[in-house]
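Look at the two complexes coming up: chain A is in both, with chain B in one and chain C in the other.
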Partner chain A sequence: MALQDSIARVEMGTAKRAQRPSWMRIFRSRTAVVGLCLVLFWVVAALLAPILPLPSPTDSDVMAMANPTPSAAHWLGTDILGRDILSRLIFGARTVLFVAPLSVAVAMIVGITLGMLAGYFGGWIDAAISRASDVILAFPVLVIYVILIANIGPSVINIVIATTIASAPGIGRITRGLVLGLKEQEYIAAAKLRSESTLYIMLVELLPNCRSMLIVDACLRIGYTIITIGILGFLGLGLPPPNPDWGGMVKESVTVLNVWPLMSLAPSFAIVSLVLGFNLLADGIREAWKP
Partner chain B sequence: MNVNASTLNEVATVATPVAGLDPLLEIKNLRIEFRGKSDTIVAVPDLSFRVRPGESYGLVGESGCGKSTTAMAIMGYLGSTGVIARGSIRFEGKELVGAGARELRSIRGRRIAMVYQDPMSALNPVKTIGAQLAEVPLLHLGAGRKEAMEMAAAMLADVRLPDAGDMLKRYPHQLSGGQQQRVVIAMALLARPSLLLLDEPTTGLDVTVEAAVIDLIAELRRRYSTSLLFISHNLGLIAETCDRVGIMYSGEMVEEGGTGDLFRNPRHPYTQGLIDCIPDIGSDKRSLVLRAIPGHIPLPQERPAGCLFAPRCSGFTKGLCDAPALDLERAGEDHLVRCARWQVMERPAAVAPEEADHPDKLADAITLREVTKVYRLAAHKVLKANESVSFSARKAEIVALVGESGCGKSTLARIVTGLDRATSGAIRMAGDNIAELEARDRPRRLLQSVQMIFQNPDSTLNPSHSAAHSIRRSIKKFGVRKGKSAIEQRVRELLAMVRLSPALADRKPSQLSGGQKQRIAIARAFAADPSLIVADEPVSALDVSVQAAVVTLLLDIQKEKHTTMLFISHDLALVRHVADRVVVMYLGKVMEQGTVEEVFGGGTHPYTEALISAIRSPNPDETPRERIRLAGETPSPVNVPAGCRFATRCHRKLGAVCDTVPPPIRRMSETHEIACHIEEAQLRVEPPVYAAANEA
Partner chain C sequence: MAKFLLKRLVMMLLTMLCASFLVFAVCEFTPGSVARKTLGPFATQQQVDILSEKLKANDPLIVRYGRWLGVLVGAIPDPLQDPATGLNFKDPRGAQYFGNFGYSTLSKLPVNDVIWDRLGNTAVLAGLAFLLIVPLSIIFGILSGLKEGGPLDRSLSVICITFTSIPEFASGVFLVTLFVILWPVLPGTSPLNADGGWSVASQLILPVAVLVIYDFGYVARMIRVSMIGVMERPFIRTAVLKGMSMRKVVLGHALRNAMIAPFTVLLLQINFLVSGVVVTELVFAYPGFGRLLLDASLFGDIATLEAATLVTVAIAVTTQLIGDLGYMLLDPRIRVR
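Now for the complex of A and B:
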């Protein structure tokens, strides 16, 4: 066994991983590092947005409206209303990086709770939760968003609610599957034999062992949610103007795509780079934490 | 066996003129490395051995010694990271190292075939047995489809699978484990290979099924004059099936010789240790202490200089044993040993245990009455895991529950501990009936008094928490100690009790060895100060040398604490060593119960007889009176025979009465009961299976 273990470790290039804290291990994966850099670029930009020497994202530069291409004053040019694109991108990142992780976090809490209950108790609880999830999962995700947001109106809270309804069933399903396997482990039996409460078993004995899978899933879901927020913006269901919104920026400029392509391409690339960052990070974490 | 081998040599010579007197397989100075991004692990530093035509060669060693890696290297399946860094593998005079893919393909599967440990992973689940078997003649022998199917059917009959025509149409999951392994063997033999590699071919099988598979391999080998390279950790199995044996330790051959000579006069201290740490069928815990080998096998990165076994050897001599470049020396005709001191090494004498003070054993600690557990699978389909199981265990006694997989012993353990509840019946412990109380319904006092040691060291501890986490929780939950420092103190005491350094307390389970994890599990069970311990196969997943240490430890603690123990095991030799009383179960029913002397003595249930006769001892002078071959396989517990459960396989079946009427219970003595139709007097005249068992 010992030999197989060490061979497995060599194969992953993580022979000394036992001594490293698990968070440090992700730095051994090049994929994770590239992903982390992309994400951190936007996070840092978003955090520093108010102190960066940027023009206001909402003020029009009438002078630039005639020629909205890049210039010394506007590095990425302006949009049709003469607003600085770079500034709008960076301020738009603030919204995206606030809304997407927040809504995924809420969805994770709801999904993990439901999945835990379904997997651990089984029986009718499982049947009820699983069938309800199946119904929601049968809808195309985007349809759920459009129906909900169109009805309750675009706001941060409503996007969080929509994401939770759309994502929690999937998260629940993953958690349920993990718990079904883990609850038969002997250490769970040992915990029952020392009269641990069900809550303790769920939170302390089961949840930490689901951690790596769920973190990977969360990273991927943040990516999807960013895309969805972009699509909502493009459909005009994003945060109300004049707030900078990446999807909205694409929508506003799509009519002049042939003339000034950068107006739509810049926010598109912003979305791509951030989503790619989260996906690479997820892949890298999966690689580094492979059991 | 020797006579056989020599005639087979001639046969092989005629069949393959190239072979002549040359070895069929010759491995010379083989060095296998696994190269990763940042590290290189030397799995096998320098290995040489040869397999002669028609010979059966056994490669023995504990997990991690490189025996499977060697087999994989012969087959050329080292994966993307494995590299043969040096040395040669010659097969039938051809060099395999560096041979082209085409050439290897013509040899693999055709001239060398392999049988793996897990038959389910060797068979393709979506193809029928027939399609998979026919592939071999189609690919390697150029046979036509019809011809190939006929060959497949004939081979299935040869591996004694009933109704070959029907079998060809089945899928792997429709066969039992024993049948699957037979199919894999049939597949391996279809191309008539001259060398068959067997990597732990029976490790996952029940003992009585294992006995049949081993028989089959021996018979087929005689018929087809195939050479065998038999890889196993089971010394008894190797002693019985092989002509020559090589003992591997940490990638090195430490001793090699003819089977009889090597097991009679083991020269290397490791070989001696391996033989001595196996429970002996002729002795029990009152007459012999199992001698464990201290320490553990070194990881490839931490091999010491000189003798690799030196850190664990009692005869270690500075300057001699740690000198580099230790070679294999001749220690007799066809007997090689890698030990600088083999001429002066003395095999330690057997140690008798200290006389145990017999505590008051009269009071029953736990009594089971008519315990029945039924699982309802569908409307008209029930699985009777246990039926009317009755026995009792006295205080400080070890009662062993014995039986093959599916006999209900683990279900019973779960019911006693409260992980499951009985359908009916009573389990009395200190006046309470706990049969239908699950753990969460049991008062804390009851929960505390029954604790469990689990089977699988890899799942017994939570990988997310430190090793001592569950010990700490147990002490806290049951209020054995109050206050942080008192609890920490108690954790240290418990770790010392299981002979672990306190430094291990904060390690994660992934940083512990299997033996260490199982010790932690023992410490956890005893942390609650229970009066009854249920140990479900506590050592079956461990290597033999570690197994001995853990069993000895468990026995010591049990003796000191006067804990009652239900010891569940399928290993009869171990049960003989450990138990005071034995309960033999088959398909959910008790077949026989009695003291260990009674059950292992003369006059036992036919099933017990078969189980005991399936024990394989590495001691060449210790063979059973006869090997009892059971027909068929254990029936499914969903569809149990109406009369005696064992009737379908019994070698002493009387007739129709066995099939229709449940057997009466024959009271052989105050403590000895047998459920069998055979008359008491006739049961009594049967001599013990092992002659040695009589003297004990």
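Now for the complex of A and C:
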């Protein structure tokens, strides 16, 4: 009886594998499409940056320094050092669109691994991971970044490290919650009965079923990390010059805001549009994939 | 209940211990020693070495952490105030008392003289922001949660998402451009004295606005989700079906239930505002706690940084505890077993 019951469960388990969230459904959500357009605009601009007919983002145009307002040569004008703002924005997008997704990807890998371990095994592993997360989560997020980056110095690797330390506990907590709900499901029992390895169960059975939540979370986190990178730049903890960096551009020009507001407004709008893109995308995906 | 509280208090203390140790460990990576920072860039290497020796700054990390902790609880006197260092650091409270955060190498004052005024200023800023965030987010959240996917929900959601996408420094730039440069009705800096001819109240408007703009949309989204969940529940359907007015259904039945989950979210915003004030205070030159924390970490002023960290972590764990307690009060179904 027990065996038959188990076989029935195996069959049910394999048949009732969760249906895949369809990427096509996203295009039906207007918010998602607007978000995707905003993100793609910056991605395309960043990718094409080297072949676009732009002035160099780091060279000073001494002639333009006297009157750094928009002109035919500099569509958005130049900054106080005579560097072309449009070019700095587009090259700055390259930095931010490389660093933010990379940091979030690393943080997701670490966070998902920790959350899976905590949720699946429970017991002392769960207790250890959860307590350690609590300590990190007790810090205000920006304080973690400021303390870490001020001490270990600003660089791409260090921003990735800081993002991982700051975000992995939150991601882990979400994953743990999802896994706790999923591991009692029949298809997990079925997989165990088929004597699949723990790694297989985690990667093939559990992970795909956490996917929709985690993708939405990743989208939101990329937006938030872009904000954080901007803030670090604004606080003077951004990537070292001459890397164009949106937050750093605002920092350099905010003192002359009353004379040449465009120098600060342009990078501010750039960061808002990109973050808004990711946030709208996340919201659209969540609506489209709602069970 | 008493056991639960005691357990939570012990956990809070442990969390703060771990957090302060982590900050200590991270400060190990700072380029430049405490002695160098205390003496300034023009001191000779020999002077630096002598002071390092006197401060026992070359001891292992764990020993120095233990000493810092000892100074904090008043078990040992602060080594920086020892006349033998020749630094002439004097704390009017004495060198050994409970709650001695040590000496700030940045401002050359006892940390206790520096930190509390700043914290008070920030409390005014964050408190005002919080007072505005709560009603705004509740109104936005309830209205958009009434009918999921309706035109009202969609437009309010887009407004909220847009506002949460504006980092504080960007909204600072926007607001200053609008209300200081184009239409000069407000001051662009907030030093909290009336020297510039602007009243202190007018100096608070823009910093508070920046904090509210970045935060209220997020809370409103949380309340929206909770409201949607409540509006789908059977007792709401029953109330509507028996002919109760929509106003009464929402205000009398849905609201309290919808506020249970966001209550914790709202409290967590206090913690979130601590992050927010760092940038806002920098934008408006506001003499607050966030800027102190930023300056201390940039300068490597460990004593101030540790004190600031302990305060922020204490705020975080306390709001968490209050959140859990309030949660139990609001919802009798969740009580500790």
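One rule holds in what follows: the second predicted complex is superposed on the first by the 270 of 291 C-alpha atoms of A that agree within 3 Å, B and C clash if a C-alpha of one lies under 4 Å from a C-alpha of the other, contacts with A are read in each partner's own complex, and residues count from 1 in each chain.
Everything below uses one rule, namely that a residue touches a chain if its C-beta (ideal position, glycine included) is under 8 Å from a C-beta of that chain, and two chains touch if they have at least 3 such contacts.
Predicted model, so just to flag it, every value in this text is computed and none were measured.
Colleague: Check whether chain B or chain C contacts more residues of chain A in the superposed model.
Modeller: C
Colleague: Applying the touch criterion given at the start, work out whether A:127 contacts chain B, chain C, both or neither, answering first, second, both or neither.
Modeller: The answer is neither, since A:127 touches no partner chain.
Colleague: When the two structures are overlaid on chain A, which partner does A:193 contact: first (chain B), second (chain C), both, or neither?
Modeller: In the superposition, A:193 touches chain B alone.
Colleague: Of the two partner chains, chain B (first) and chain C (second), which one does A:211 touch, if any: first, second, both, or neither?
Modeller: After superposing on A, A:211 lies in contact with chain B but is clear of chain C.
Colleague: Should A:264 be classified as contacting the first partner (chain B), the second (chain C), both, or neither?
Modeller: In the superposition, A:264 contacts chain C only.
Colleague: Is A:141 touching the first partner chain B, the second partner chain C, both, or neither of them?
Modeller: second
Colleague: When the two structures are overlaid on chain A, which partner does A:40 contact: first (chain B), second (chain C), both, or neither?
Modeller: The answer is neither, since A:40 touches no partner chain.
Colleague: One more residue to check, A:73. First (chain B), second (chain C), both or neither?
Modeller: neither
Colleague: For chain A, what residues appear in both contact lists, the one with chain B and the one with chain C?
Modeller: The answer is that chain A has no such residue.
Colleague: Contact residues on chain A for chain C in the complex?
Modeller: 31, 134-135, 137-143, 146-148, 150-153, 223, 227, 230-231, 234-237, 247, 250-251, 254, 257-258, 261, 264-265, 268-269, 271-272, 275-276, 279-280, 283
Colleague: Can you tell me which positions in chain C touch chain A when the two form their complex?
Modeller: These residues of chain C touch chain A: 11, 15-16, 18-19, 22-23, 26-31, 157-158, 161-162, 164-170, 173-174, 176-177, 180-181, 188, 271-272, 274-276, 278-279, 282-283, 293-294, 297-298, 300, 305, 309, 312-313, 316-317, 320.
Colleague: Which residues of chain A touch chain B in their complex?
Modeller: Touching chain B: residues 1-4, 6-7, 9-13, 15, 18, 185-187, 189-196, 204-205, 208-209, 211 of chain A.
Colleague: Taking the touch rule as given, give the residues of chain B at its contact with chain A in the complex, in rising order.
Modeller: Residue positions touching the partner: 34-41, 43, 63-66, 69, 79-81, 296-297, 299-301, 417-419, 439-440, 444, 447, 450-452, 454-456, 459-465, 470, 473-474, 477-478, 508, 510-511, 513-514, 521, 524, 528.
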